[in-house]
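Worksheet: the structure to be examined is printed underneath.
Chain nomenclature is as follows: A, B, C, D, E and F, assigned in order of appearance, with residue numbering initiated at 1 for each chain independently.
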Amino acid sequence: MANTLGEFRSYRQRMNDRIMESEHLGIKRFFNLDTAAYRDGALDARTKELLGLVASLVLRCDDCVDYHLIQCVDAGLADAELHDAMNVALVVGGSIVIPHLRHAFATLEQLRAPRSGAPAEG
Amino acid sequence: MANTLGEFRSYRQRMNDRIMESEHLGIKRFFNLDTAAYRDGALDARTKELLGLVASLVLRCDDCVDYHLIQCVDAGLADAELHDAMNVALVVGGSIVIPHLRHAFATLEQLRAPRSGAPAEG
Amino acid sequence: MANTLGEFRSYRQRMNDRIMESEHLGIKRFFNLDTAAYRDGALDARTKELLGLVASLVLRCDDCVDYHLIQCVDAGLADAELHDAMNVALVVGGSIVIPHLRHAFATLEQLRAPRSGAPAEG
Amino acid sequence: MANTLGEFRSYRQRMNDRIMESEHLGIKRFFNLDTAAYRDGALDARTKELLGLVASLVLRCDDCVDYHLIQCVDAGLADAELHDAMNVALVVGGSIVIPHLRHAFATLEQLRAPRSGAPAEG
Amino acid sequence: MANTLGEFRSYRQRMNDRIMESEHLGIKRFFNLDTAAYRDGALDARTKELLGLVASLVLRCDDCVDYHLIQCVDAGLADAELHDAMNVALVVGGSIVIPHLRHAFATLEQLRAPRSGAPAEG
Amino acid sequence: MANTLGEFRSYRQRMNDRIMESEHLGIKRFFNLDTAAYRDGALDARTKELLGLVASLVLRCDDCVDYHLIQCVDAGLADAELHDAMNVALVVGGSIVIPHLRHAFATLEQLRAPRSGAPAEG
C-alpha cells in the first residue's frame, strides 16, 4: 500500500488505541455503535458503506472518506459505482465538496494501484 | 395524502415553477443535474435515493428528507431498510440529527397511512 | 407553561416513542448514550448541560437549544450564566447564530414566566 | 407588506430588543460589529449585502436570507443580479440549498409585490 | 510563484484531470456549471469572485479560499476590498473562521509577493 | 514543547500579527470580542474554555481544538474532565467528530508530556 494511506491507517489505529485507553465508557460505547452501524442488517454492509461514503463527502471529512473508500473497495464496489455515489454527494453538497472529491480520487488511485508482489496489509 | 406533506408538495412545486420562470440558465441546469443524479446508472435509483436520504439527514434538511423519503417509499424500500439507513445517518451526524429523525418518522407515518379510498396524488 | 414549548415537549415525546417502537437496536442504543452523556461524571450535569446548549447553538438546532435550555433552567443556572454561555456560542458561531439566539431568548422567556397558579407540566 | 415577512420583522425586532435588555456587553458589541460590517467601506454596502445574502444561503439560514434580501432590495439590486448571486450560492452549496432558494424566491415575491396604496412599513 | 501555492495548483490540476477521465457525465456537467457560475452576467465576474471567496470562508474550505483568492487577485481586487469581504465572512461565520482567515492572509501574501524576475505561471 | 504544537503556536502568532497589520477596524474588534468571551464573568474562564473546546469539536476545527485544549490545560482541567467534555461533543456531533477526537488526544498527549528540564513556553 502506498505511503500516505498507510500512514493514515497506522496513525488512525494508534490514536484509536489511545482513545480506548481513556476508559471513558461513553466514548467506548460510541465506537462500538459506530462499528455496528455498518454491519449487514436490513441493508447489506456494501450499501451501508456507500451511505457512509456519501455522508462523509457531504460533511467534508477526508479521513472519513478514506476510511469508507477502503471499506467500499474491500466490499467489491466498482469504480463506476463509487463515481455514481460521489456524483450524488457532489450534487447534494455542491462545489465545496470538490476538494474532497479530488482527495477521494487520489485515495482510490492508491487503493487500485497494483502492488508489486507482496501482501499489502497483513 | 395527509395535510402537511400535501402542503409541502404543492408549495415545493409552486416555488420550483417560480425559480424556473427566472430563466436563469445556471439554475435551470443545476435542477436538471439534480434530477439526473438519482436516475438508474451504475447504481440503481433505489440505492441512490437511500444515499440522498442519508445525505439529507446528516446535513439536517427536513424538506430534503421529505423529498427523498417520498422517493424511497415509491421505490419500494421497507421500513426496516429505511431505519437502517437512518441509523447510519444518526451515528455519523450525532444527536443533532435527532430532531430530523423525529421529522422523518412523522413523514414516514404519513406516507404509510392507509388512504381512505381515493387515489391520493395522481 | 406557555403554548409552543408545551407543544414541542409533547411532539418530542410522541415521536421519540415512535422511534423506540421501531425496535432498531442501534438507534435505541444511541438514545441511551445521548441521555448518559449529560449525567454527573468527571464534570457535573450542570456544566454538561451548558456544553450541550453551546453545541446546539453553534450547530444551529432550535429543538436542541430548547431541550438543553429546559435542562439548564432545571439545573438552576441563572440568566447571567446562560447569557455568558450564549455569548461564547455567538462569538464562535457568528451572526448566523443570531436567529437561534432570538429563539433561545424567546424560550427562556417562557421558561421564566410566572405560571398563574397551577402546576404546569405535571 | 404582506403577512409572513411583516411578522418576521416584528418578531425579529422584539427579540433583538430582549437580547439588548440582557445588557451583556459581549453580545451588544457583537450586534454592533454585525451592523458595521455591511456599511460602505472599501466595498460598497450594495456589494456587501450580496456577500451577506450568499453567505446566508450557503449556510442555509432562512431568517438571514430574508434580512439580506430586504437590504438588497432597498439597495436597488435587480432581480437578475439577485438570481446571479443565488446561482453562485446554489453551485457552491449544492442541492441542499434549494429549499432556501425556494424561500428566497417566496420572500422576493413579497418584497416586489405592488402594495395597494399605503406606506407599508413606516 | 512560491512553493505551497504552486503545489496546490498542480495537484488541483492533476486531480481535476483524473476526475474528468472518469467520464461521469453528471460530474463533468457539474464542473462546467461551476466554471460558468463565475462568468460575467447580470453581476460581473469580479463581484462573483468575491461571492465565491466569502462563501468559501464561511464554509471553511481552504482550497476553495485559495482558488477564489487567485481569481480575485487576477480580477484586480485590492487588499482593502478583500479584507472588507473577509470581515463580512468573519462576522457571519464567527471565530471558527479565523484559522481560514489566517490561511487566506498567508495565501494573499504569496500572491502579492514580488516574483524575482520571471513570469511565474504562464 | 514538542514539535507540531510549537509550530502551530508560532504560525498562529505570525498570521494573527499579519491580520492585525491590515488595520481593518471590524476584524480587530472581532478579535478583541473573541478574547473577551473567555474571560471570567458570570461563568468562570475554566468553564468557558470547556465551552470553547466542545464548540470547536462539534464544528470540527482542529486549530480551534488545539487552542482551547492549551487553555484548558493551563486552567488546570484534568484529563477525565476533558474526556467527559469530548464525549458530549462526540455524542452531539457524531462519528464525523472522531478524526478531531483523535487530533485532540494527540494534542493532549503533547501537552501532558514531561518536558525535559527547561521552561517550555515562557
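Please note the rule applied: a residue touches a chain if its C-beta (ideal position, glycine included) is under 8 Å from a C-beta of that chain, and two chains touch if they have at least 3 such contacts.
Treat the numbers as computed from the prediction; the structure is a model and nothing was measured.
Superposing subunit A on subunit B by their CA atoms means rotating through 180 degrees, a value rounded to the nearest 5.
C-beta contact counts were set side by side for C-F and A-C; C-F has more. With each centre defined as the average position of its C-alpha atoms, the distance from subunit E to subunit F rounds to 27 Å. Centre-to-centre spacing of subunit D and subunit F amounts to 33 Å, using the average Cα coordinate of each chain. Each chain gets one centre point, the mean of its Cα atoms, and the points for subunit B and subunit F are 39 Å apart.
Under the contact definition stated at the top, the residues of subunit D that touch 2 or more other chains are 26, 30, 33-34, 37, 55-56, 58-59, 64, 83-84, 87, 90-93, 95-96.
Contacts between chains leave no pair untouched here, as each chain touches all the others. Note for the complex: subunit F touches subunit A at residues 60, 79, 83-84, 86-87, 90-91, 95-96, 98-99, 101-102, 105-106, 109. Across the complex, subunit D meets subunit A through its residues 58, 90-97.
Chain contact summary for the complex, subunit C toward subunit A: residues 25-26, 29-30, 33, 36-37.
Interface of subunit B with subunit D (complex): residues 11-12, 15-16, 18-19, 22, 24, 26-27, 30-31, 34, 55-56, 59, 61, 63-64.
Touching subunit E in their complex are the following residues of subunit D: 33-34, 37-38, 41-43, 47-48, 50-52, 54-56, 58-59, 64, 78, 80-81, 83-85, 87-89, 91-93.
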